[in-house]
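Here it is, the structure, as structure tokens.
To keep things simple, chains are lettered A, B, C and D as they appear, and every chain counts its residues starting from 1.
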């Protein structure tokens, strides 16, 4: 049984708290959040969970085996370093930072971490995406040639969030960058087109839709199609096309019900609304993988290297979308 | 090139005229219909087609190689016998008669026919149904165990038609009885439940929906689900379930378009509206099979035996639905 | 928090134990089973669960609020009566008995039960089936005309089980009879065709496939298609066809992955293998409904009347399949 | 009835000859091709069709109302100008030329054409693509934001064809460029990534797969994903995503049959193999639109402007793929 503290009682903190509470090998020990009574309110929902304002309490608590960092992005590196220094295993949310400069500044400390560190690229653990990846690896479609990732949120976050999010590529596409790396490995070239559909987001200095093309060292190409809103719900699909076939991971609906009438036939329901529902299994399996690695003393399936690589792609996409130029990544 | 006369300028006569006109190996020579200017109006739509009031003109015409009989059902046997006597090849619509007594009365003459005679069980020629049948025959799903045929018309015919149709089982289910025989061979037991959903059809003495269960000599069972109306169009599906797998023939829509929005996702269009559109390919392939048999001198793929067997099932189903008893068929 | 004892540590007992353990409002207090160490082995998997050989311990235990009866069918009525006499709320598995005579013999005692009793017709709680039912009730497809239930197990149970199961209609179709009643209400007429595909099951005196037609008092007709084996997994579908449209509940696969290659396109995975996986949500929601009714003091959604009605349909179907006659049910 | 000559008896010439022969308002008058007996062989398949080696015979023939130009691309402009000069209506295959310089050189002559000229962007006439376009225009999905076009051939053409084809963007993507313009109007920015999967095509100096991103003046973005081969057949899909919903045009199979067994469920057949089958309806409707415009004296739905715009996009994509830079298109 792993005793886990959750740092940050925001939306993602709620997801992790619930996932821990429902996991047979994990206990929610502590929730930390400095804002109002957020930590207390979240902790009170789970038997035996305590709360604190200061994240330091989690790092200092000898009964805490591991921490999940879901604090605001600028705190990810400080919390990660503090937790690791205290000997805790860490599962940290994406992105690692808003700026590669922050990563570079902490490079020496990051390199010195010896406790297990995993990054929350939950989509690697989605059963459908993982099954596609496994089938590709097993050679079911021959050499992978083209990957298409479609990722659209049901609705844009509040403007206040947009302004501190680091922009669509660091905040939203970061998952898809990791998915591209999960399937294709190293990326050598990035091209991004940013779109401004909602003027409020444009005024906030961000894009709300984008198409990104990534060329991999292998010669394969990934296309990522993002949109901050989608009328039908949380549109999360993936298509891996290889020399001998193709694999598709489709959207998920609450039930399998289809309706036919005089206007439509075999109409399905809107997609599951957002990440909590859509990726519930993925969060659970991500947590299982983390626990397993911590308990077995093995390297977690995603690490700082993956987090940095995804952030580097996000920065390249941001530059490409801003300048209209293709960005090449050095080795 | 086969010169063909069409007897009967009603709805099915139009279907056959159009199919002949578009067929590279057939010419529409003559249309016969005693009612008003029906024959003339239909013939005038096709270059080179003549019209006549009296079907005898077709039988007497030495330039006519074959006739397609689409006259009212009570005339099927008389027209069939006259055409055959005149040496014409015949493609006759279903059912062969409204009553087995009529078949029995003409048995000697029917047995004496030596020209090629085929019956219009067009669904055997539907590319999807035929592909399912071929895959079953090829052993793709192992021994066939259960067949489910769903057949719903978009809307009931006019009451005037209902009253002379011979009833739902002879008029509508007759196709599905042939489909059951096409897949399962000899049927030994019939059970039918008739439903009265529309009071006007009940007053006309008929059912407008039914569920029929057929046990085959092989041990397999077929279920036929019929309805005279269907909100989504012409609902024509089939499911063959075997020991090692199952095959499905799905409905057809005008295009492949799917719509997703806030209410529905991947919604398809209503089904093709009725038999003319839905079975256009089947009518064409049926005609090809007829022409091929006539020209090659081989036995057409469906014959009087099939027409009689389907009518016998229709009579059994009628009796079962009326009496509430299961009807067993002798050998 | 409801303290629940599970009577019977067989396959269904495992399902309920796991469902209770994972339910936020239920505690697994006790597992009872007289056979070997079955109870002990099952109880040992869950923290705080005790075990006993004798079911009486559950009935006598003041800390047990409710029992779930998953013992062999002949014990259902005795266990039900003993539990109710002890003041326990009861969730009892289907069928209530193997024979209506047993129900009649216990009629006075059954009628006198005053504690909450619910029967385990789990499919009413399947999210897809329940959504179809709710949409029908809401008038989404107009008057319900025809219901088709397809229910095929992945593989037949061992012959030893078959011989004590009461036959396919009491053991397997019983769920589908309840589904038919759930949608159509009172049934007035039953016709069943039994099939013998596997000689071993025929020798054991049972059918291994069947097609049942049920006429409802409303005029609607339900068709149930059963098979003890299905190559593609646990085939569980439902189609409700009404005057203004139709609703379909489709099979469930482990993931949404589709494969296309030179042989197949958009091929999905085999269905979830069996009831534990397929109806995991249904068991959970069934338990929630039970707990809710017990705690609120309301009548559970299914009761002895439903259990008796389903058994009566099973007996009628058995008789119909054996005699080849239609069975009419009195009011 | 329009008397039509087909210039060029290659693959596309065969498509047009067959389409004309089957069209109720068109007659195939003449086939011209200088190579061997190609023209004669093709013409001999159709009653009343003559053949000639020299295309001039078509232009000079007073009985020819219109010509369809399916000659090698470098001859498109010369044949187009000669036909127009002779007063013929023209349906010309894509691309208009291999090089914008050739268009520029003929600009004065092209501008002076006064006979009806249409270009063979057949996909605009595909019933599914056209239905999506019509639904977008009708506002069914709100403002169009992102268009995704997936277009993969079943297998690469012979290397000899590749070397004279003008490259993948002029030869294959040209259709998708027109589709993008059909949906999005003017394009302002082009980015292309070329892929080399088959070394033989790389040696021939071409790409065999590509991903192209197009930004439209409207702010919408189109993504085109191309591949010269696809294991499952001719992969032709389209997805239009708007503010209020999305529309999808899916692949087409020969039948609606689905197969389920122990390995796959609901598996469909491979896609229709290539353009002749997949776009048979589109070629027919394209011809109808051409005939209708010629006979009504209206402007054909596609013209030289569309052909030039598509070629300009192809050149921009070629340059982008070669240089790795984004290409901006002037007004």
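Operating definition for what follows: a contact is a pair of C-beta atoms (placed from the backbone, for glycine too) under 8 Å apart; a residue touches a chain by one contact, two chains touch by 3 or more.
Chain by chain, the UniProt names read as follows: A, B, C, D = Inositol 2-dehydrogenase.
Quantities reported herein were computed from a predicted structural model and do not represent experimental measurements.
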item	value
Between B-D and A-D, the pair joined by more C-beta contacts	A-D
Per Cα centroids, the chain farthest from chain D (Inositol 2-dehydrogenase)	C
Centroid spacing, where centroids are CA-atom means, of chain A (Inositol 2-dehydrogenase) and chain B (Inositol 2-dehydrogenase) in whole angstrom	58
Where chain B (Inositol 2-dehydrogenase) and chain D (Inositol 2-dehydrogenase) are represented by their mean Cα positions, the distance between them in whole Å	40
Sequence positions of chain A (Inositol 2-dehydrogenase) contacting 2 or more other chains	141, 231-232, 244-246, 251, 259-262, 266
Arrangement of touching chains [line / ring / star / complete / other]	complete
Partner chain D (Inositol 2-dehydrogenase), residues of chain A (Inositol 2-dehydrogenase) touching it in the complex	141-143, 145-146, 148, 150, 152, 189, 191, 193, 195-197, 209, 211, 213, 215, 219-221, 223, 225, 227, 229-232, 235, 241-246, 324-326, 328
Of all residues in chain C (Inositol 2-dehydrogenase), those that touch chain D (Inositol 2-dehydrogenase) in their complex	231-233, 251, 253, 259-271
Chain C (Inositol 2-dehydrogenase) partner contacts - residues on chain A (Inositol 2-dehydrogenase) that touch it in the complex	22, 127-128, 131-132, 135, 140-141, 244-252, 254-262, 266
